[in-house]
């Protein structure tokens, strides 16, 4: 199998490499990719949308439909993880649950009807002889860091029109803060801040903001996702309406990405139990 | 030639299909059988209503659906189709009556299923009879294969399973592997599959291909039972006798020869076939089948199996008639479809009646039975006469035409085949009758048994068909006229 | 028509994807609000998709080609949807299949997934809208995104089945991602060579450009990827396990649609993106594909013969059917292409029907090994009736639809002189007949052991007259599973009779004129 | 053809194709499921690089419009924005696929207690 795979890969790779010399030179400004469609974007993006970041414009306007489905893929992945892993079978089957002892970081499995050892009992230390004392420095640092990270993510979102950034990046950073909270404290803490239900609904709402904007355009009589028609609602001219709409859909993307990242983390880290798993 | 567009053929086809839900949902036996009868009579009436027009040389058309460019699913009633439809729909009535007697007499299981599939089979048979092109015919041919499978396997025991498997394997295998590709090849070459005088392939294929096509079509419709694709027929005799009677002496096997007949004359055309000398090759296959099957029939002790081998031989008479490709031979072949149907169904009914009355299946057990069941055995005698081809039974007429056909074509060898096989036919039928009536008292197996004639539901149908055999000898005109018309339509006269 | 409806109806090309998608999200949200709403939302979503599809079917039948510009940007700058007669036909098939299976699977989904059922509905609808988008889109990159949304949902839907399902789903994921990535690499080559992503635009550019090695490589990459996605032999390995161990509700729709849509994409790329001369002029590629299909038919059919459970056997039949379509299309003549395209529709219908029948059996009997099928003709006559009809369709017996697509495929083979392919198709019919009759025989002639014991005394007492089996009480599947199944079985017959119309109105116009 | 510019001028493609088949080889030949998933990621990343390298132009800058260019924009000045957009999508798709793949791997691990493919196959056969 291995040899076969190697031969296959070498053969196909050889074919592709031999073919590579028909491809345009590295950085050639006259290559078809740079001369056919892309000049239109570069030349017209600002005029059409009053947004200097062409990537954002192509992303959220010219090819907004792709981007919407990109958010949808994320949503589907979130649901896929949930659907595959999540089990709320506690108390029904097996009847056990996990408990993490915060001072030692030891997680123990408690069988049906089993009793929880006292908070300060020696049991936990004896389980893990090499335990490192629970470290308040990490916890505190993270607690301090998280708000700044969150503000930064909002900046990435809001400034996406003018600099590299945008909905996905903001969403990932925002999601990372919640995950950081879960890592530095524990899953319960972050679940208290953002429950699974919130995560699921946020992800749906996020995609819905995007898709709904498109639907609104359709209901107002233009093509799907054609933001022009929103100009009266946004109290601006057509180009600015596009600019504003880009922000709206980016907000939706941010929400969806953030929520799904957190949600997938919840499920993966606890194998769907969402108790003291990891 | 007059043509008429009418929905009557479709109705005739559908009436038995429409009866199926009624049969299935019937609450008791009487209601179920009433539906069967109603459908049978309506069907016969519809078929009969088309007769006057067709007898004047007209044809009736109806297109069900345009499925493939140039090849619709369409019905056409011409003389030959009507002839076949008349035979099968009239015999359905008698068989329904007989089925009631037989199934009730033996207290068979799953009678609802039995009557339902019986009705479906009849629809398929009429469909074949009225097909306007090869595709439609193939459709109904396959439908018949599948609809008769539950009937053949009716007993649901091990024997039924093995027979059913053999049955479907031969029929489906041959049709899918031989008839279907041949049909497609013709379609690709000719662009149409309509049955037309003179065929559709003339000028499109060379004689080698034509031979292959002819053989594929002849053997592809394996229901015709030409050797070596005949062995499904004897094993299918495990079915209840009415099934054997109607389906394996009338509907199924006749559908087979009818399909061969149509495919050779309507698709490939009599002209190209005789020009290329292909008829003779098929005739040789048919002749071998006739002789071998007659010899095999001689050695069978089980009555139904002997009848089955006899059927194999008689079918090849018809194929031989087609293969001779002369007007008289074709007419004889068509007549033989009718005559053999009446004769053979009588014989099967008798075999079933004997089984119902006495439980006996083997010929060696039937010595002296004629004195206890005189009506049955008389009918058997008449049926046997018809199948052998002796007057005063209808079979004589059709054989007469076949003989003329051999003379017409100048192929004396086939005349010899016909005569020899007739002698063989007599050799395997007449001893049964003789022993049944005239066996010496010491051999009589029924001296002390109180065996009586079978119930009237069995007895009347077989009497009717036996009388039918005689009537057809004295009054063959309708079928005669239809066959004549059909020959002129086929030969393009 | 009412002006508001007029206004709305011009949006059908986008609504066919977005209506199910939005309502699918609503179904998902219902999981955290009120679970009762999940099914109606999913149902409504697919129903509106179906209405949009039928609307487009009617429109395209009048000779219109529907083009829809997303966000109002004209191609090649924006993303466009382009729906011709054939895509409208396939869209209708997708939506109808998905809707019927949704109704039929409701009971088993609610039972198997209980509180996660809304997520199942949501993923199911995402999957279907992804497929619909793939069929409708004219943008090759958008196609990739939609392909991935359909695939991701599919992995999840499959992974939730039997104990072996996650591993099968993971293998499917790896194989599927390889396929999708190869396709994406092909897109990269096309983009580098032409600078465009819009199919029509690219076709025009390629026409002017003439032969180009980069495009040949792009073609090879795209085809390799799609072959993996459609489970063509020899890259079919993921399919049998994935479909066997997936929950029935999932398998039904997957088997009916996934591979078929991939084949549709292949056909669309070859006919309306790459120059026809690239695919057919040398004859080498086409011949290689037909031979691959021929081998695939035999291999799949023989592997099907070796299986011991019904559902697993059927998954190999899916592999065989894929080879029919691939081979038929690459014959390169009109009859073969018509056959392949018609078979996409017919195969979707008959695969759904046969898998639904098996799902009914499994719902009643709890298993589908051949030994579990005894006595089914007595206990489940209607399900078995539908199974027989779908079996006949798969074998290719008239007047079921399977016969007519086979007709075109074989006549295409005869025209092209590809006798190997013709023989493969005929042999596959025979092998399918063997496979199905094996099942029919067991269901017809045998009875489950426990009932036999009960009735055996009565059975022996009158062995002479009372042949046959002891009668079993009827135990049909629940009505919500049975009615969709019967509808599908009748559809198989109806499609057969409508073949002429379908070919003339929807398939013929979609094949370019230079294909003879 | 001059060899040096040939290699130098196309090194991006060479690298990407190398990574592409490296990833694919890992996916086919490795028995550990996590290694396969890593291979998958390498595989997808190579395509992303391939696309991005196609957007590069010599002497061009990021596709964010500079204040002084407003009004008269020369396309040669800016990188091609389209591949960036496409690859943003592809990255997200890759992440989503990774999430689902890990989820499935986790389920597999819970069922068989191992992530080695041959051990799993053995467990299936002996079952």
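Going by the order they are written in, the chains are A, B, C and D; count residues from 1 in each one.
As a convention for this text, a residue touches a chain if its C-beta (ideal position, glycine included) is under 8 Å from a C-beta of that chain, and two chains touch if they have at least 3 such contacts.
Heads up on the chains, UniProt names are A = Multisubunit sodium/proton antiporter MrpB subunit; B, C = Multisubunit sodium/proton antiporter MrpD subunit; D = Multisubunit sodium/proton antiporter MrpC subunit.
These figures come from a predicted structure and were not determined experimentally.
Enquirer: Find the chain most remote from chain A, comparing centres computed as mean CA coordinates.
Expert: B
Enquirer: Per the definition at the top, count C-beta pairs in contact and tell me whether B-C or C-D has more.
Expert: Higher contact count goes to B-C.
Enquirer: What's the distance between the Cα centroids of chain B and chain D, rounded to whole Å?
Expert: A distance of 70 Å separates the two centres.
Enquirer: Taking each chain's centre as the mean of its CA atoms, how far is chain B from chain C in angstrom?
Expert: Whole-Å distance between the two chain centres: 42.
Enquirer: Please compute the C-alpha centroid of chain C, do the same for chain D, then give the distance between them in whole Å.
Expert: 30
Enquirer: Roughly how many whole angstrom separate the Cα centroids of chain A and chain D?
Expert: 18
Enquirer: So which stretches of chain C touch two or more other chains?
Expert: 141, 145, 148, 152, 155-156, 159, 166, 191-192, 197
Enquirer: Check each residue of chain D and list the ones that touch at least two other chains.
Expert: Expected reply: 20, 24, 54, 82-83, 86, 89, 93, 96-97, 100, 103-104, 107.
Enquirer: I need the residues of chain A touching at least two other chains; which ones are they?
Expert: Residues 16, 23, 31, 33-34, 37-38, 41, 63, 66, 70, 73, 76-77, 80-81, 84 of chain A each touch two or more of the other chains.
Enquirer: Between the chains shown, work out who touches whom and classify the graph as line, ring, star, complete or other.
Expert: other
Enquirer: Name, in rising order, each residue of chain C that touches chain D in their complex.
Expert: Residues of chain C touching chain D: 141, 144-145, 148, 152, 155-156, 159, 163-164, 166-167, 169-170, 173-174, 177-178, 181, 184-185, 188, 191-192, 197.
Enquirer: Where on chain D does chain A make contact in their complex?
Expert: 1, 5-6, 8-14, 17-18, 20-22, 24-25, 28-29, 53-60, 62-66, 70, 73, 75-78, 80-86, 88-89, 92-93, 95-97, 99-100, 102-104, 106-107, 110
Enquirer: Taking the complex as given, what residues does chain A use to touch chain D?
Expert: 1-2, 5-6, 8-10, 12-13, 16-17, 20-21, 23, 25-29, 31, 33-34, 37-39, 41-43, 45-46, 52-55, 57-59, 63, 66-67, 70, 73-74, 76-78, 80-81, 84-85, 162-164, 168, 257, 264, 267-268, 271
Enquirer: Taking the complex as given, what residues does chain B use to touch chain C?
Expert: Spelled out, the residues of chain B in touch with chain C are 64-69, 72-73, 106-110, 135, 138-139, 142-143, 146, 150, 153-158, 160-161, 164-165, 168, 172-173, 176-177, 180-181, 184-185, 187-188, 359.
Enquirer: Using the touch definition from the top, list the residues of chain C that touch chain A in their complex.
Expert: Where chain C meets chain A, its residues are 7, 11, 14, 18, 21-22, 25, 28-29, 31-32, 68-73, 76-79, 113, 115-116, 119-120, 122-123, 126, 133, 139, 141-142, 145-146, 148-149, 152-153, 155-157, 159-160, 166, 189, 191-197, 205, 212-214, 216-217.
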